[in-house]
Structures are given as C-alpha cells and as structure tokens.
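Lettered A, B, C, D and E in written order, each chain numbered from 1.
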Amino acid sequence: MNIGIVDFLVASALLFAIGFFGVLLRRNTLVVYMCLELMLNAVNLALVAFSRFNGTMDGNIFVFFIITVAAAEVAVGLAIIVTLFRRRETVQLPDLNLLRH
Amino acid sequence: MSNEQLIVSLLVVPFLSALVIGIFFRRRHEIAAAVSIAAASVVLLGSLYLIFGNIREEFSYEWMTFGDYTVSMGFYFNDLAALLLFVVAVVGFLIHIFSLGYMKEDPGKARYFAGLSLFMFSMMGIVFANNLIMIFIFWELVGLSSFLLINHYYHKPAASEAAKKAFIVNRLGDFGFLLGIIWSYWHFETLNLFEMAALVEANPDILHVGIGLLLFCSALGKSGQIPLHVWLPDAMEGPTPVSALIHAATMVAAGIYLLCRIYFLIPPEAMVWIMWVGAATAIFGSLCAITQTDIKKILAYSTISQLGYMVAAFGLGSLVIDGDAGTAIQAGIGAAMFHLVTHGFFKALLFLGAGSVIHACHHEQDIYRMGGLWRKMPVTFAAFTVGVLALVGMPGLAGFFSKDAILYLAWENNSALFLILAATALLTAFYMTRLWLAAFFGEPKTRASRDAKENNWIMTAPLVILAIFSVVAGYDFMHPAIFDGIMQEVPHAEGADFALVAGVSVAVLLAGLIAGWLFYGVGAREDRLEKQFPGLHGFLSARFFFDDVYEWYVVNVQQRFSSLLNFIDHILISGLIVRGAAGLVGLFSLGARAAHTGNLHVYVYWIFLGVVLMWLVVKGVQ
Amino acid sequence: MNDTLSPFKEIAASNQWSAILPEISLGVLALALLVLEILFPRHRRKLIPGVAIFGQLLVLFWLLLFYRDGGGFLGQETFAGMLFHDELGQAMRVFFLLTSLLVGYLGTITLAGKPLPKVEFYHITLVVTAALMLLAQSNHFVMFFISLETVTVGFYVLVSYFRHQSISLEAGLKYLILSGVSSAILLFGIALLYGIGGSPLLAGASDDAMNFGALNAFLKNHPENGLALIGMVMVIAGVAFKIAAFPFQIWVPDVYQGASTPVTAFLAVGSKAAGFAVLLTLVLKVFQPMEAVLVPVLTVLATLTILFGNIAALTQRNTKRLMGLSGVAHAGYLLVGVIASLYVPWAQGAVLFYLFVYLLASFAVFGVMAHLSPEDGTGDELEDYLNLARDRPFLAVVLVIGLGSLAGIPPLAGFIGKVLIFIAAFQAGLYWLLGVSIFGVVLSIYYYFGWIKTAVFREWKVAPDDEDEQEAPRREHREIAPLARLILGGLAVATVVLGFFQGPLSDWLGRL
Amino acid sequence: MVDFLFYFFTAVTWGSAAMVVLSRNPVNAAMFLIVAMVGIAGLFVLLSAFFLAVLQVLVYAGAVVVLFLFVIMLLDEGEKRRIRAGKVSSVASVMALVLLLVGALSVAVSPDLVVPGMGEARTLGTTEPVGDAPREYGYHLFTAYMLPFQVAGFLLLVAMIGVILLSKRYRDESEVRAQV
Amino acid sequence: MPESYPFLLHLAIFIPMLFGTILLLFSGSLGEAFVRRIAFVGFLVPAAVALWLWIAFSPDPVTGYAFLSTVPTGLEIVDISLKLGLNGISLPLFVLAGVVGFAAGFYALVSGAERLRQYLALLLIMQGGLMGVFASVDVFFFYFFHEIALIPTFVMIGIWGGRERHYAAMKLTVYLSLGALLSLAGLIALYVQSGASSFDIISLKAALEGESISEVAQNYTFALLLFGFGILVSLWPFHTWAALGYGAAPTSAAMLHAGVLKKFGLYGLIQIGAPLLPQGAENWMYFLALLALGNVIIIGFVTVAQRDLKQMIGFSSVMHMGYCFLGLACLSAVGVGGAVILMFAHGLTVALLFLLGNCIYRRTETFDMREMGGLARNTPVLAAFFVTAMLASIGLPGPGLANFWGELTVFIGLWQYREWMVIPAVFGVVISAVYGLRAVGNIFFGEPTEAFQSASKGKRIPDIQWHERTPALVLLVVLILVGLWPRSLTDSIDESVSPMYRIVVPGEEASVTGDDGEFEAVSFERAEGPVSCCSPPKRGPAGGL
C-alpha cells in the first residue's frame, strides 16, 4: 500500500512518452491513431490518480468525459481514414503528401 | 513722384517691359522692340534726372523675416552708383537703338528685346541695391539674362554650350560670393552696406581676409578674372549688341563696381591678392588676344585684359604705404571706376563697330576674311578707329586718362606691377593694330566683305554718339561736381611723375602700334605670327590651356565621378543593399516554405519541439 | 440522503439556462435543421440553408438588441462555475455568430451544385458555433475541454467535408492527428494543473482545482511550482495549436489549402478567435501569477510567430496557404496584444477590436476566393487572380479592401487594429515585440500588395516595350448574386467605415 | 499485494504499449492496445475508480479497439503497402523518445517538481478513496457538470453525423469522383 | 464668417475623398462629361479653400493654430480624435497641397488616360488625404491621412505607370511602408512617453512643457522619427525608391507625390519631432546633417549622370530634400523657416517639372535626353516654361524666387550651426546648375537630333497647349507670387517657428563680440533725408561709396 502519486505519475508519464514515440515512429495511420489513444489513456491515468490522491471527484468525471470524447474522435477519425483509403488506397502517412510547400 | 518712387520705378519699368513682351508680344516683334526701347528711354531719362538732379537716397522695404534674420529690399543711391548708372543708362539705350537695326531680320527679335529689358532690370537692381543679398539676387539675374541672350541663337550648339558655360562658371564665382555673404552676415550681424561700413569704421580690426576674398569671388566670375574668365570669350556666341552691352560695358564691369561698393569689407591683405589676380588677367588677356582671328573674340580677350586692369587698379589701393589706408583705397577705387566708365564707352563702341561690320559682312567674323572695309563703311571705320585709339590709350582720348591714372598708381606703389601693366598696354596696341589693319585695310578677301556697305543711321548713330563719349569721357568737364565722390579720388600724376608715366604710356603705345604695323602689314591675308613662330602662336592660341583643363575636368573628372557615384547608387545601395536584403528575406522565405514538407511526422516533430522550446524558455528564465 | 443531496441541489440551482440562451437557440436550430430535412419534401430542402442563416440572423439581432447585458448574468458565474459571463464573452458571442453567418453564406456558394449533403454542413457549423461561444465563456477546464473538443470534432468533419477531393480528406486526416496530439498535450497539462492545484498538501489548494478562479488563487500562492509550470506550458502549447502560433502553426497551410473555402475561413477566423478568447482568459485569469515565466514564453512565441508567418508567406503562391501563413502572422500580432493586456487593461479591447476587423477583412478575402474557385482545389493560385480587376471589378475592389485591411493600411479598419495593439504594446513596454511587429508588417505589405498587384495591375495598359505582357483572355463572366454583393459590399464598407469611425466597436473597448 | 498489483499492471501496460508501437502488424498492435487498456483499467481499480475501470474496458477495449480492428480488416492493406520508418526517422524518434523519457521522469521524480512529502504522506494506504459509485457520477453529471454533459451529447451527435456523412455512399458518387 | 472656417477644412479633405469614392463605385454608370465635371469640382474645392484660408489665416495666440475643430471618432480610449487646424508651418503646405493638387488634377482631367474615371478617383482620394495630412492637429490622423494618400500612388504607378512599373510600385510601397511604420512607432513612443496620453499636438506640447522626456528616451524616439520620416523624404541613403518610383509613376501621381506627399516626413519632423523632442533632436542633428550633405553632394552628382529626364527630375528632388534637412538640422528659426519655404517652393517646382517633363515626352516620345534636342524651335513657350521651372529648381533668384529664398535662408541658418557645412551645401547649387542647364540644353537647344526628327516624321510638333499650360501657369504664378512677396508666407511661418525653435542672434556666434563688448555700443544712426554724397565712412555714416 505504499504506492503514492509519484508512482502513478511515473507510470502515466512513461505511457504518454511511449504513445508520443509511437506517433513519431509509425507510418501506418491506424497505428499512429492507436498511439494517440495511448497518450489519452496516459492522461486518464494521471487524472484518476490525482483524483484519488486529491480526494476530489473532478478528475474522475473528467476522465469520463475524455473517454466519451475519445470514442467520438475515434469514430470520426476512422471514418476519415476509411474514406481516404477508398480514394487513395493507402493508409501510410508518407503517401499523404498532396499538400505541401 | 517722389525720389523713392522714381528709383523703384526705374527698377520696375524694364521688368514690366520684359514681362509684357514675354506674355503678350512674343510674335509682335515691332511692338516688342518699341516697348523695350520705351523702357530703355524711361530708364535713361529717369537716370539722368537722378544723376544730374544730384538726388541721393537710401531706403528699404522689409522682404522676409525669420526671428532676427531679416532680408530687405533696399536701395542705396550714391555717387558710385550714379556713375555706373550713367554708363548703364546711356550705353544701354544706345544699344537698344543699335539692336533695332542689327536684329531687324531676326526671327527671335521679341525674345531678344525681352532679354534686353530683363537685363536692364537686373542691372538696375545691382546699381541700386543696398545690401549684399539684394546684390546677389540681381547678380544672379544678370547672369540669367546673360544666359538667355548668349543663347539667343539657341539652335547653334556652340551658343547653347557657351550660355551654359557662362552660367555655370558664373555660378562658381557666386558660390564664393554667397559663402562670403553668409559669413558676413554672421560676422557683421547685418548685410546692409551702410551698417557694415559703420561697423568697420568703428572697429577696423573686425575685417577678415576670408570674407574679403570670398566676396571678391563675385568679381572673379562676373568680371572674367583668371581662372574664371573662360566663359567670356565663348559668350561672344550671342548677338553682337549683347556682347557690347553685357560682355563689355556693363555686366562684366559690375564686378568692379561691386568691389568698389564693398571696398570697406576688403582688408589690405586681400587687396594684394586681388591686385595680382587683376594684373595676371590683364597680361593674360592681351596675350590671348594676339592670336585670335574672330573679331569679337579679340575684343573679348581685350575686355578681359582691361577688366584685369581695373581689378589691379582696385587692388593697388592697398599698397600706399605712407598716408592713411582709407585714401589709398579711395585712389584705387577712383582709378578703377574711371577706367570702368571710359572702357564702358569705348569698348561698347568697338563692339558695336564690330557688330556693324559683321552685320554688313553677313555675319562673317574672321578678320582675315574681311579687309578693305574702310572705304565701304566710312562711318563705322571712323568710329571704330576712335574706339581703337581710345583703347590703346592715345593721348587726348578717354582711355589715355584712365589708363594713366592706373599706371601712375602702379608706378607709385609697385614697379613690378607697373611693368606688367605697361607690357599689357604695349600688347594692347599691338593686337588692336593687327585687328584694325586686317579688317579695314587691304583688299576685300571674301565676297561678303566685297559686298559690304554702310549700315543705316539706326546703327551708325549710336556709333557716333559712343565715339564722342570715347573722346570726351576722360576730360574733367565731363565729370561735374555730382561725381566728385569718385572723380576726386582718381589719382592725378603731377610734375615729373606725370611726365614719366605719360611718357612710358605713349612710348609703349607707339611701340605697339609700330610693331603691329610692321609685323602684320596692311591687309594681311593670314596670320603672320602663326607662320613665323608657330610654336609661340600655338602656345598663345591654346590660351594657356585653361579651356583644356576645364574640358578635361568636365569630361574626365566630373562626368566620371558622377558616373561612378551613379554606379554606386545603383549597384551598391539600390542593388546590393536594398535588393540584397530583399533577396535574403526571400531566401529565408523559401526555406520556410520548404519546411512545410507535407509529411505529417515532421509536423508532429514541430509540435514536440515546440513544447521543448517553451520549456527551455521557462527554464532559461528561472 | 437529503444531506448528501443538498449541496448538489444548490449547485443545480446555479444551472441558469437562461444565461446561455444564445447557445441553446443555436443548438435547437441545429437540431431543427435535421428535423426539417426529414419533414421537408425533397424540393423544399433547398430552403434549409436559408432557414439556418435566417435563424442565425434572428439570434444575432436578438443578441444585439435584447441580450446586450447577457441576460443579466454579466459578471457572474453560472453552472457551478463552469461558465463565467463577461463582456469579452458577450463580444465573442457576436463575433462567432457573425463568423458562422458568413461561413454559412460562403457555404451556400461553395456547396452550390455539388452532390454533397448540405443540411449537415449547417448543422455542424451551428453546433460548432455554439461550442465556440461556450468555449469563450468557459471558466472550468472540463467545460473548456468539452467545448474545445466539440469544436475540434466538428472541424474534423468540416475539413474533410468535401470528401470527393483527396486533398480535403488529407487535410482532414492531418488536422485529426495533429489536433489529437495537441489535445493530448493540453490534457496532460490540465491533469498536472488539476493534480497540483488540488493537492491537499499545498496551501491554497482547492477542491475544485479545475475551476479557473480557484486555480488562479492557488497559483498566486505557488507561482514557481514546477509541476504547475509544466502544466501551464502544456496548456499554452495546446492553445497555441489552435491559434497557430509558432511552432504549432505547421499544420495551417496544409489544412487551409485542403479544406474548402468556407471551412478555411471558419478555421482562420472562428477557431483562431476562440483560441485567443481562451488565451486571454487563461493568461489574465489563470496564469497571471506566473507572469515572470509566462511573458518570456509568450514573447518568444510571438516573435517567432510574426517572423515565420510573414517570411513564409512572402514567396507563397497559393492563396489559401498565403492566407494561412499571413494568419499566422496575425496571430503573432494578437499575441503581442495578449501579452500587453497583462500590463495594460484596455489591451484586451485592442485584441478584440483586432479580431473583429480581422473577421471583416478575412471574410471579404475568403468571400472573393469562394466566388473565384467554386471548383475546390482549383483557382487558388495567385495566377488565377490575373486580370481580376478587368473581368470582375466588384470582386477586385472587395479583395483590395480586404487585403489592405489585413496589411494594416489606413483608412481601413485593420490599421486601427494594428495601431491599438502597437500603442498597447508600447505602453506595456514591449519594445522588442513592437520592433518585430513592425518588421513583420513591412514584410506583409510585400505579399499582400503582391496579391493586389496580381489582381489589379496586369491589365488595361500594356506598355509598348513590354512585349511579354499580353492581354490574357477574359474569364467567363459569372453573375454575382445580389445577396453576395450585399454581403461582400457590406464587409468592405464596414472595413472602411471602421477605419474612420470606431464608435460602435470602441464601446466594447471601453467596457472590457 | 497492492504494490505488486501496481507493478504488474504498470508493467503490462508499458509492455503492451511498447508492443503497440513496435509491432509490425497493425492487427497485433490493436491486440496489444487492448491489453494496454486492460492494464490501465487494472490501475484504475487500484485507484478505486471501479466505474471508470469498467468504462475503460467496455468503451476502449470493447468498442474503440474493436472498431480499429474492424477498420484494419476492412481496409485489408495487409502486407501490400507498408512503409517502415527510415533510418533518419528512427534515430530522430528514438532521440525524441529519450527526450520524452527524461522529461517524463523529471516531471515525476525531481524533488523540485513534486511537493516534498507528497510521495510518502499520501499513498494508497493512507488516503481514502473518493466516492466512486455510479450514483456519484450521476450526481455530479447532473448538477455541476450538467452543461458539459449536454455539450458532450452534442459532440456525439456531431461525431455521428460526421461519420455518416463521410462514410455514406451517394448515388452520384461516381459523378463526383470523375471530377477530381 | 470665421466660424465656418473649420468646416471649410473638412470640406477640403472630404469633398475630394467623397467624390473619389463616388467615381470609384459608380464608375460604370456615370457619363464622361459628368465625371470630368465632378472631378474638377473635387480638385477645385481644396485649392479654393486653401487659398481662402491663406488669406483668412490668423492664428490663435495661445495655441498658434487657426481654424481648430474636433470631431470624435470613437477612439477616446487612446484619446484620438479628428482634430483639424492650421498653424504657420502647416499653412504653406496646405496651400501647396491645394495648388499642386489642382494642377495635377487638372492635368489628369485632360490627360486622356485610359480608365479615366478610376484614375481621377484615385487622384481625388489622394488629394483628400494630402489636405488632411497638413490640416491634422492630431498626430494620429496626420499619419492616417498620409497613408490614405500613399496607397493610391501604389495603384496608380502599377496601372498607369511607365517602365518597370511593377517593380517600382512594389519597392516604393514596401520602402515607404517601412518608413511610415518606423515613424508610427516613433509617434506612439512620443504619445506614451509624453505623459499626455493624447495624440493632439497641442496637448502634447503642453504636457512636455511641464515635464520633458528623459534624454535617453528622447534619443530613441527621435531616432525612430528621424529614420522613419527620413525614408519617406528620401534621406540619403534611403532614397533609392524615389527616382525609380517617380520614373515609373504617371505624371499626376508623380506631381502629387514628389510635390506634396514627400514633404510629409519633413513636416512631421519640423512640426512634431524636433519641437517635442528637443534634446533628442539636438543629439541626432549632426548625423542628420551629414546624411543630408550626402543628399546634396552625392545625389547631386548622381543627378548629373542621369540621362533619363524623369529620373533626373526625381533625383534632383531627392537632392533638394537634402537642403530641407540641412535647414532642419540647424534647429533654429532661420534654418527651419528656410526649410519650410523650400518645401513649399520645391513642391511647386518639382510638380511643374514633372508636368512639363510629360509635355516633352508627349512630343518626343522618349525620356532619354540624349535623343532630344532643338525642341525650342517648335515649342518656344514650352521651352520658356521648362527653363523657368528648371532655373527655379536650381535656386536661381530669378523667376522662381521662392526656391532661392528657401535655400538662402537655409544657408544662413546652417552657417550658424556648422560653418564648414555651408561650403558643400552651397557647392550643391553649382552642381544643380550643371545638371539643370545640361538638361535644358539637351532638350531644347542645339540642332534637333536625327532620332527626334525621325520620330516626329516631319509632323509639326505643337507648342504647349492650353490644357498643359493652365496647370503649369497655376503652379508658376503661385511660385512667383511667393517669390516676389515672400512675406505672404514667411510672416506666418515665422510666427509659428520662432516660439518652437531657438532664435540665434548673429552676434552670439560671430567672433566680433567675443573679444570686447564695446562693439555692441555702436549704434547706427541713419541720416534723415537724402544721404550726403561721396563720403568715405569717416565722413559720416552714409559711407560714400
């Protein structure tokens, strides 16, 4: 029972870092998007932890909202990706270079 | 009409005349001439009334004020002014009349007369002005009228060039003049001649050599002293009456007048410089005159030489060791002004005579293409002869008296100068003989000179009148008490001195005449000097390379310098710096554009690094 | 049970719905559109955009005439501190309504004749607008986040709305991922702030740490707290993404270019203004105690934003990207105003004024663009503006006025906006930023006038020695609808009039 | 026990998160994502946020990731077209990761940043969990968070309409296609 | 009706703007004759108002301004309001703007430019802005109107311009915007630091009389104003936009810009910069004077090298701005007064030169002076006009007396400031004579060149025509009027300048009184009545010679 806020914060921060790393590294749009979800989850973790240790509910409620929003975003995002795939036959980010300079 | 009003109207009438002609009578040549001559007559009559009515005035109107600095339109009419006014009014009137004949056929007659009126206006301004700024204004205005009149035959490139040269060289002189005026203003707190004189009188130490020399620059330019004389011979491109009026009798003499008017501002040290410049100009002018073949150019160089005489005379005033300085300067002024008056008459006469000849010979100006004219144009010949004799200083004629006064002054003060002036006198006699013999004697060498015939009375009458003046102007009765302010100062040699000076004078005169007669002979067809002493002739006809130096300066220095600056302006400032800076920013811009690679990952890096950057700033601040 | 509930009842009592009547009416209107689409027979559906626009107009007039005092809630918190109503919020409500009206209008032009659903466009626009209004008034991070995300999700859809075009979808995807990253960063920042601000171990900590007021009170006690600093940086970074401040501006050109003109305009004006409204609130009401680090951070951002935006725009040939990059530069000037508002109270008013004139000018330009490039993805290059003044003088005049105002040329309103910002900056002692801004404005003159030059110059007279200039063929003449003339003309006139006479807007300046 | 569970869930989460990033096959990545989500749910449980833990599993693992899987299957890009990160890009992202880790750890570990005593004084053992009955959420959502809740409803509506808009095929789609 | 004078000021500003806007908006539906008529009225009103106010000018002794009026515009929060009025410094420039505007407008009316309506509309807007610049007492509006006037220039150059017009327009605009913005920063600095929190010059002055700005701040602020305004006035080396821009600009625009708008910067420095920041001005003036000498000498020589008539006029205008700067550098009533007169005179002259230059171009179809020659034979009156204008420009105290007054006064002031500077400054007069006369000679005198003869194809080249003559005469008449009677302007200038700038009594600087004071005791007693003749100084104060 000695786990404190710092430990959760480390867990969350590292998760955030891994997620960001994934966004930077991966070329597949879908995987990149998954990594984004990882980052959001890291935030959720931090919020829940803070909520617990601060003794207020707001963090938890916020997480509730974030999950809602994330779900909505994923839906829209995947719709865009699917539509784009229908047109371009690819989901690889480097292929998406019509817009530049 | 009060005297003040009269003086102002003498100034305004010619101006109105010029204006009216310019606006209304550009194509009505006869009316234009009439208007201009009417103005000249008004000036003549008014002037005579002023001069002989013994009216002397000083008054001024405020023109412009800034703080303590005021410019006024001031008039100051004294004996000195009266003397010059006399010359200007009389010669001016006569030349107006002469022009009527000379310019009869000219298509630009109206323009010509407008120019004459403008000139009369400007000259009146110089005569009357009571402060240096007003003098300067009219100084530039005579320059302008001179420019316009020289440029009368504007379609001739030479005339156009000459006018330009005259104006610019005069501006060079005025550059010094203006500096002198500005300096004087801060030095004396005023530019009013009257007040400055009082200041100098109260405290003679306040004089400054620099101011004196800068003010002398005015005369340097207008009176064609070395090294700014180059414009005067070229100015002969203008109509001959103009040469007579402006470039012989009045405007060029105005430099002398100005010196005399501001003599109290010029300290003795400056006088010495002035004297030597004058002497150098005198001998230089006469040397150059020897090789010229253009009748007007000979006269022009002669004018330069005579102006040098006057300037030297003015400068000589400084050298009287014994006796107080004031008187000495007065003597110089007296001598210079005296010569100015006599020279004004006989040089105007000579030019008009030359004009008469040129007119008769259908604008032939080369003396070796004339000849035998004495028979065909007796009146002109007679008058011209009087002029020549007056110029060379034949005893009994006007030139003799005035030249003697100067020679005497030189004799008294500086023997070296005396020698130079005497030599000048000899050369004068020499080249005038050459001109006289070549133009009027021998056989006519061209068809034009063969067909020449005497001009009508409109042109000969002024000649005769001027000839009379050239004879009598040296005598005392011509100078009643009203001119005493000047004429009393003219040095008169007495006794042994008189004998000596007069003797030398006559001797050099005779020597010159005889040498000329013998050397050139009667009715020469070509220049003997050129044939026998080509080296000497070449040297003299190069006119001491002054023109070449100027030419070289303009082409090789000024033009190249401005081209260089233009290049720098375009390439360095406009090109390298301004366009370069724009180009540099453009490069950055291309770089910034290239940063938008279209690759999403790169964009995520941007965001990531953005946060890092912000955090670094936070850390940096803490 | 009653005891447990009584505080909740109290809180629930603060849910004053009448305080957000404008937002509610927009939301209802949005829903009504969907209902109407079902109810209306096919041939009547064309009327729906009209209904949307007309409804918004009604709301706007009602807002201006009867709701000027915010329903009496000005200066109050409602919804348990979720919202705070002030003059800024009131002004932003009007601002967003105007934006949405104009976007809706541009939408009618762009959507005309395209086989795309129309009602949904208005529906989303309306919801986004309502969310923008709430965003500008939010006083709590949860409210802030939710309205922000509503806006963002709405924009995902709007940007990729023209799904028959690859670039539209590509833009949508890019916006989606980058916005997601920035949202995650923002959220993490909020989490940290919540964690530290609500920590019971620290003095001044609050039960309601996500409330702006409470957080501010906490930060006053701990302005140097490291965790709070990180949180602040991450939150500001998230907002900087919305306002497109350097280096978070990188998405702007691509997304602007890919999106269709009305959406681009919405992004450029609405989203950016919302970001600034939020930034003002955050800077002044939340992070103000951290001034010592906040100002340098914002100064660096503003400097780089101005420089980068202007420099990158210099050689840009695509008008949408140009507008995007120049919008970046404008964000920089606005940032200067935001920083100044820390020291000079009325600088908020200056920022607001600037936003309004930016709205007018931007929509003037985007309006012209919408008329010129109904086929999206084409007609957006500078070359497409050649001879505009000859062929369509009306559009050219509007364009010139809009661009001139953006460039800050008197007598157009943009100039007044810039001057007010500059004066505020000087009063605040931001000399460096002032210098950078001036440099930026000079650069901006180049590309704005370059555009004007392209549209206006190449015509009429052909110098005989310039043989390369030949008269281009006239573009086909397309009638501009009277309504379009009215709206574009109105924008131009307003831009000019506001340059001379700022009375109506300076009202707000005084009140802020 | 709790400590062990914490370490376990953390390890699971990190590990599967790392596999999400590193696994080549998107399907594998999605599967690992589910594991990561469940790990996080476990951590939620440790934090006594049972409702959220359930939500996490239901929404994320149950809905979101499944959606991902659907899409991956739908697109079936498979091995056809797979661009791997280039050398430069890999190095850069690894460097970024290092930076991120340093940052993350410095956030969490540095005594400067964390209030002294925070770690020791308040642990799972010493603090009371806040109320986590679903009813608590209800109270909050319908009182203080009423407005965000409503807005979230609109958000979902917009998202729904957006998805329909983007995915629906129109009759004249082919015509539109031809235009580009 | 003195009460209505402020109204006249508004009329002078807004009538042209209004008419211009009308022409711009309804250009399609207005008849040509009506357009001309309305434009004529638009140009006439400011000129008439300017002349009327010139006559009626009598400033309030406290503020130094006449015809003051204030209209609020809604920016009370920073205390900006449309405050109009004229003082002795702005009056000449207001008159200048009216006169040159009328001439330029008249010429444009009959110039036969394509798209005449738009051209006139832009000119009218520019004209309104110009009137506003010099009538503004509020610093903000002073700047505001300047920009209003500047932008039409850009468009006019771009559309109706000559060679290189696109580049010239862009360069001019970017460069001038840079200058304008720098000066705007300076004005804002002045506003903030003065403590008056007002843009009203009168309040600024009042505030600074009580407590002036610290010297360091003055230095920075003045530097901003100096370089900002300096760019606008083509101070060397920030001049490169000028000749290029004027070379490309259509005639009327060049007339208005070079003649009037360019004076904005100098006016700003004279009216606002130097009086309100005396210390800063003092510290910067030496540097300014050196740059101004660069204008005079370097640009003087560059002008000599020009072959293109329009470029030459443009460069000569740059050069003459150097004199105005030199006058300002003195910071004395004399120097500044001279600068104001010179601005006035130069404005008229350069407008005249551009006008006549275009008349020449229409006859020769070239601006290259090497290809011209002998034009005077066909066009004597044009030649007379051009010679007059050129001579006025080079400071001849002849027909264009007004320029001379300015230059002379500047020189007088300059001597007191730095004696050595007078030498190069006066030398500039010689340089200007060189290029001026060379141009006159090349164009009008000598034989017609072959190129020219072939260009005219034996046609008779018409002399200056009424529509060219009228504007030229308008300009010339005012120029000569002021030249002959400078007090018509200098009295009011003096009235404004003297309280703002120090008045140097000559004796203070001259070495005369340095040694002993007794010299001052000398009093000049003028003899009453006719001065006795012929006496050297010792015989009486009349000084015989």
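Methods note: a contact is a pair of C-beta atoms (placed from the backbone, for glycine too) under 8 Å apart; a residue touches a chain by one contact, two chains touch by 3 or more.
Quick caveat, the model's predicted, so the values are computed rather than measured.
Engineer: If you walk touching chains, what's the least steps from chain A to chain E?
Structural biologist: Graph distance in the chain contact network comes out at 2.
Engineer: Going only through chains that touch each other, how many steps at minimum separate chain C from chain E?
Structural biologist: Minimal hop count between chain C and chain E: 1.
Engineer: Using each chain's Cα centroid, which is most distant from the centroid of chain D?
Structural biologist: Greatest centre separation from chain D goes to chain B.
Engineer: Please tell me whether B-E or B-D has the greater number of C-beta pairs in contact.
Structural biologist: Of the two interfaces, B-E and B-D, more C-beta pairs touch across B-E.
Engineer: Whose Cα centre is nearest the centre of all Cα atoms in view?
Structural biologist: Most central by this criterion: E.
Engineer: Roughly how many whole angstrom separate the Cα centroids of chain A and chain C?
Structural biologist: Whole-Å distance between the two chain centres: 26.
Engineer: Whole-Å distance, chain A centre to chain B centre, using C-alpha means?
Structural biologist: Comparing mean C-alpha positions, chain B is 96 Å from chain A.
Engineer: Counting only Cα atoms for the centres, state how far chain A is from chain D in Å.
Structural biologist: 5
Engineer: Among the residues of chain E, which are close enough to touch at least two other chains?
Structural biologist: Only 174 qualify.
Engineer: At which residue positions does chain B touch at least two other chains?
Structural biologist: 593, 596, 598, 600-601, 604-605, 608, 615
Engineer: In chain D, which residues are in touch with two or more of the other chains?
Structural biologist: 89, 92, 96, 100, 103, 107, 114, 118, 121-122, 145, 148, 152, 155, 158-159, 162, 166
Engineer: What chain pairs are in touch here?
Structural biologist: Contact pairs between chains: A-B, A-C, A-D, B-C, B-D, B-E, C-D, C-E.
Engineer: Inside the complex, what are the residues of chain C that reach chain E?
Structural biologist: Per the stated touch rule, the residues are 346, 349, 397, 404, 409-411, 415-416, 419-420, 422-423, 426-427, 434-435, 438, 441-442, 445-446, 449-450, 452-453, 456-457, 459-461, 463, 465, 500-506, 509-510.
Engineer: Which positions of chain C touch chain A when the two form their complex?
Structural biologist: Answer in residue numbers: 141-142, 145-146, 149, 152-153, 156-157, 160, 163, 166-167, 169-174, 176-177, 180-181, 183-184, 187-188, 190-192, 194-195, 198-200, 205, 207-210, 253-255, 257-258.
Engineer: Name, in rising order, each residue of chain C that touches chain D in their complex.
Structural biologist: Per the touch definition, chain C meets chain D at residues 5, 8-9, 11-12, 15, 20, 27, 30, 34, 79-83, 114-117, 120, 123-124, 127-128, 130-131, 134, 142-143, 146-147, 149-150, 153-154, 156-157, 160-161, 163-166, 192, 196, 199-202, 225-227, 230, 375, 377.
Engineer: Which positions of chain A touch chain D when the two form their complex?
Structural biologist: The contact residues of chain A facing chain D are 1-11, 13-22, 24-28, 30-31, 33-35, 37-38, 41, 44-45, 48-49, 51-53, 55-57, 60-61, 63-65, 67-76, 78-83, 85, 89-95.
Engineer: In their shared complex, at which residues does chain B touch chain A?
Structural biologist: My answer: residues 593-594, 596-601, 604-605, 608.
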